[in-house]
Amino acid sequence: MSAFALRNISKSYGTNSILNDVSIEAEAGEFIALVGPSGCGKSTLLRIAAGLDHGDAGSIWMGDREITAEHPADRNVAMVFQSYALYPHLTAEQNIAVPLAMRNLSTLQRMPFLGRFMAGRSTTQAAIKQQVLATATSLKIDHLLDRKPGQMSGGQRQRVALARALVRQPGVFLMDEPLSNLDANLRVHTRAEIVDLHRRTGVPTIYVTHDQSEALSMADRVAVMMGGRVLQFAPPAEIYDNPRHIEVAKFVGSPRINIINATTSDDGAVFFGGKAVVNGVTGPVGTLVQLGIRPERIKLKPHGAKGIAATVSRLEFLGSEVLVTTEVDGVEDGLVVKAAPVDVVHLSAGAPVTLVIDKDACLVFGQDGLRVPLRAPAKVSVDA
Amino acid sequence: MREIAVSGPLPADQTTARQAAIRAARREERVAWQLAAPAIVLIIVLILLPTLAVFVFSLTNYELGYDDFQFVGLDNYIELFGDRTFLISLKNTAVYTAIVTPFSVFIGLGVALLIESETRGRAFFRTVYFLPVASLLVAMATVFQYLLHPTIGPVNAMLSMLGIAGPNWLGSSSTVLISLAIIGIWQSVGFNMVLFLAGLTAIPRELYAAAEVDGAKGSWERFRLVTWPMLGPTTLFVTTISVINAVKVFETVKTLTEGGPNKSSEVLLWTIYQEGFVYLRVGYASAMTVIFLAFLIVLMLVQYRVLDRRVHYT
Amino acid sequence: MRNTALFSMRNLRLGILSAGALVFLAPYIWMISTAAKSREEIFSSSLTLLPQHWALWENLAKAFTRVPMGQLLLNGLIVCGLIFFFQVVIAIPCAYAMAKLKFRAAQTMMTLVMLGLLIPIHATALPIYVALNKAGMLNSYFALSAPFFISVFGIFLFLQFFRAMPDDLISAARLDGMSELAIVNRVIVPNAWPAVTAFAIFSVVAHWNDLFWPLIVITGTERATPPLGLLFFRAAEAGDDYGALMAATLIITLPLVAAFLLAQRRFIEGITLTGLKG
C-alpha cells in the first residue's frame, strides 16, 4: 500500500482530453517528480490531487483512505504554488499560521474583536505561535516572521511558502514548479534544500516541473507525462538509460538525444553508416525504426579512423565539455557529440572527423514511438 | 455527461470521481449564487424593473395622485413631438452639448499636454485644474451666479474697466446657454485632464525616441505622429463621457435659471424633472425619459462601434 | 539660440498654465473674498479682493443660523456612508463570484452589468419615486440612499480588479481551509484596498454632490443633503445676501475640497482608475 496514490485519473474538457488514465503513487518517504512539457496535464493532475480540481474518473488515496470526494482542506495535503500564493496583507508569521488557525480555531474564535473573548482562544493561539516559530526556525526564516511578502526576496517568499505547507504536517506535499520563479543560482541551491527538507520530514512529495534536470536530480522516481499520459514512471537512471518511449528519450537529457531514421535488415540488424549498429530487432525485415543515441555515447576519432565519416559543422564550448555538431550522410539534422575539451582542441568547423557509436547505447524505437524489444541482449557481432 | 454515454456498468471508482466532481461544481455554483444574490436582486429591483416600468408608464396617461390610468399607446410620444417646450429643450440640450464637449475635451487635452511637458509645478497645476471636479457643483454655481451678476458681479466690473458693457449673463436669453456652458466647461476640464494624463503616461517613451530618430523634429510632428494616434482610445472615451455628462446637465440649470429666461435654458433633464416631479405627469415624463435613455444608448453604441473599427492601437 | 528658444517655450507654457490656473481658481478666490465682505461692500461692486471691513464671522454666523448647516453636513455624511457601505458589501461578493467562481449565470450577469452601466438614475427615477411614494417612504435616509445600494459600476470595477488577482491565492486559501465567504473577507477584501479606495472616492464625490435625487425625494431641511440645503438657503435669503451665501457655499464645499487637498494623489488616482474603467 502506497502512502499516496492517484489511480486511473482521467479528465477531459468537452472532447479535449487533459488526462488519460494516469496512475501515480508515492511510497512512504518517497519523492516523486512529475515532468513534462507545458500543457501535458501535470499541473491539472496536481490540482486534482489537492482537490482543487476533479477528474472524470479515477480515485485518490491517502494510505488506505480514499479521499477522492473530500474537500481540499480535509485531505491533509499541503501545496506549494509556483507563485507561492502568500497572502500579501499578512506577515510571514500570519501566513504560516493560517492553515493551523483554520483547523484549530472555531469560526467564532477567528472573528475579529469578538474572537478575543472566546474561551480557549489564547491557549490555542499560543500553541500555534509555537509551531510556527519551530517551523520557521527549521527553515531559517525566523528572522523574517514579521515581514510581509512584499518586503521579502523571491527566495525568502519561497521558504515562507514551504513553511506554510510544512507547518500543517501534511500527509503529502504537492509542489507546483516551486523553483521556476527563482534565478538560476538560487534554483540549484534551493533544489538541494528541498530534497534535504524532504529527507528530514519524510513526507511523501509530488513535485511538478517542466525542467527534466530538476526532476532527474531531485526525485526518487520520475513520471514523464505527455499529452495527458504517463509515458514512463521509473527511477531517474532508468528513465535516462532505458526510456520506454521515444518522446521520453527526447525530453530527458541535455543536449537532446540524436535520432536517426533507419530500416531493419536480415536478422533484425540495423545498419547505419554501412555498419550494423544494432542486432536482434524483432519484426519483419524492412521495418522503419528510429535509433536514439545519447551525445555522450558517440566518440570522436581522427579523420580516417574506422567508423562513420562526418564533418564538424559547429563547436559549442560549455566549460567542462564541448558539444560538437557534425554533418553525417543520411542524417538530416546531423549528430551531436559531447566531448571533452582536450579532444577537440585541434578541431574547427569544416574539419573531417570519424564518429564511433557505442553499440550498447543504441536505443531502438518503432514508428509508434515505443521501444522495440531486442531478441537477445544487444551483443556486438559485427566489428565496429 | 461523457460517462453516461459509455455503455455498460461503470466501475465503482469512476462514479466516485464523477460524483465528487459534480458535487464540487454544484457547491461552487451554489456559493456563487449566494454571493451574487443580493446584487442580482437589487439590479432587478432597482435597475431592470424601473427601466421596464418607464417604458410601460410611457404608454399610459398615469399621473401621480390619480390612481387609475389608461393605456394610451403612443399618444405621449405623439404629443411630445408637438410640444414646443420639449422641442426647445431638445434643441437647448444639443446646443449646450455642442459647446461644452469640444471645449472641455480640447482644453482638457491641452492642459494635460502642457502639464506633461512641464516639470515645474506639475502637482500644483494638476490640483488646481482638478479642484472643480471635487467641488460641490451647486455651491460653485452659486459662486458663478455672483461672478456673472449683471451689476455687482466681478466679471462685468472687469469688462466695464475695459470699456465693454457686460451682458446680463444668466438673465438674458441670448447668453444664458453660453454662461451655463462656461460653468460646464470649467467643471469638467479637470476630469478630462486626468484621463488624458493617464493616457499620456501610458504611451511608451521609446515611441517618441523612435519618432525623433525617424526625423520628427518639432513637438508638433511628434504630437501628430505619436501622441494623437496613441491617445485615440482615450480621446474617444473622454469625448463620449463628456457628451453624456453634458446631456445630463441639471444642477446648474436648477440652481441658476430654472429653465429661464423664457425657456431659453430649458434642458432635457430639467423638462423631465418638471413634468414628472413637479406637475406629476408620470406617463408623459416617462416618454421623455425613454427618449433620453435612447440618446444615451445610441451614444454608447456609437462609441463601441468606433472603438471596434477605428481605434486599434491598444 | 536653441537655449533661449527653449527657455521662452518653457516660459510660454508656464504662462499659459498659470493664466489658466488663475481662471480656474477665480471662483474660489472670489468665494472666499466675498464671504468675508459686508453686504454694502459687495453692492458697491468694487473689484477689490481684500474686504475693507471683515464680515466673515457675521456671514458664517448667518449661514449657520438660517439653515441647520451641521444637520446638512451630517445628512450628507450619513447618506454617503450608507450608500458606500451597501454598495461595497453587495458589489464585492458578486464581483468575486463572477471573477473567480465557475458559475453558469456569470455570462448573464456580465450582460446585466453592462446594461446597468448604461442606465443612469435619471432614467429610473420616476418609477422608484412612485414606489417610494406609494410606500410612504419619501423624506427619509432610506429614500435618499436605497436607489444607489447597487452600483453596477462598482461590480464592474471590482470584477476587473479581482480578475487580476492570482488564482493560486484562492487555491491556497481553499487548501488552508477557508470557506468562500472567508476567502472574500480575509483574502480578497484586505487585498482590494486600492480598488475600494478608488471606488470610495468615486462614490462619495458622486453622491455628496448629487442634487437630482435629493431634490426629488426630500422636501424639508431635516433630511436635506448639502446641495439641497444650499438651495433652501438661497430661497430663504432670496439669493441677494451674497456674503452669507458665499459663506454657506464655503462651508459646504470645504469638506470634500479639504479631503481632496489632503489626499489628492489618491483622489486623482481614484478618479482616473474609475474613470478609465467606466
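Letters A, B and C name the chains as they come in the text, with residue numbers starting at 1 for each one.
To be clear about the criterion, a contact is a pair of C-beta atoms (placed from the backbone, for glycine too) under 8 Å apart; a residue touches a chain by one contact, two chains touch by 3 or more.
Which protein is which chain? UniProt says A = Multiple sugar transport system ATP-binding protein; B, C = Multiple sugar transport system permease protein.
Values in this document were obtained by computation on a predicted structure and should not be read as measured data.
Undergrad: Looking only at C-beta pair counts, which chain-chain interface has the most contacts?
TA: After tallying contacts for each pair, the winner is B-C.
Undergrad: What is the chain whose Cα centre is as far as it gets from that of chain C?
TA: The most distant chain relative to chain C turns out to be A.
Undergrad: List the centre-to-centre spacing of chain B and chain C in whole Å, with centres computed as mean CA coordinates.
TA: The separation of the two C-alpha centroids amounts to 15 Å.
Undergrad: If you average the CA atoms of chain A and of chain B, how far apart do the two points sit, in angstrom?
TA: 56
Undergrad: Residues touching two or more other chains, restricted to chain C: which are they?
TA: None at all.
Undergrad: For chain A, which residues are shared contacts with two or more other chains?
TA: none
Undergrad: Can you list every residue of chain B that touches 2 or more other chains, as numbers and ranges?
TA: Within chain B, the residues that touch at least two other chains are 25.
Undergrad: Quick one: which bits of chain C touch chain A in the complex? Just the residue numbers, please.
TA: Interface residues on chain C, with respect to chain A: 166, 168-169, 171-178, 186-187, 190-191.
Undergrad: For the complex, which residues does chain C have touching chain B?
TA: 10, 13-14, 16-17, 20-21, 23-28, 30-31, 34, 42-43, 45-47, 89-91, 93-94, 96-98, 101-106, 109, 112-113, 115-116, 118-120, 122-130, 133, 146-147, 149-150, 152, 155, 180-181, 184, 205, 208-209, 211-212, 215-216, 226-227, 230-231, 234, 239, 242, 245-246, 248-249, 252-253, 256-257, 259-261, 264, 267-268, 271-272, 275-276, 278
Undergrad: Can you list the residues on chain A that touch chain B in the complex?
TA: Touching chain B from chain A are residues 7-9, 12, 54-59, 66, 68-69.
Undergrad: Inside the complex, what are the residues of chain B that reach chain A?
TA: Against chain A, chain B makes touches at 2-3, 11, 13-14, 16-21, 23-25.
Undergrad: List the residues on chain B that touch chain C in their complex, please.
TA: 25, 28-29, 31-33, 35-36, 38-40, 42-43, 46-51, 53-54, 57, 64, 111, 114-115, 117-118, 120-121, 123-140, 142-147, 149, 151-154, 157-158, 161, 186, 189-191, 194-195, 197-198, 237, 241, 248, 250-251, 254-255, 269, 272-273, 276-277, 282, 285-286, 289, 292-293, 296-297, 300
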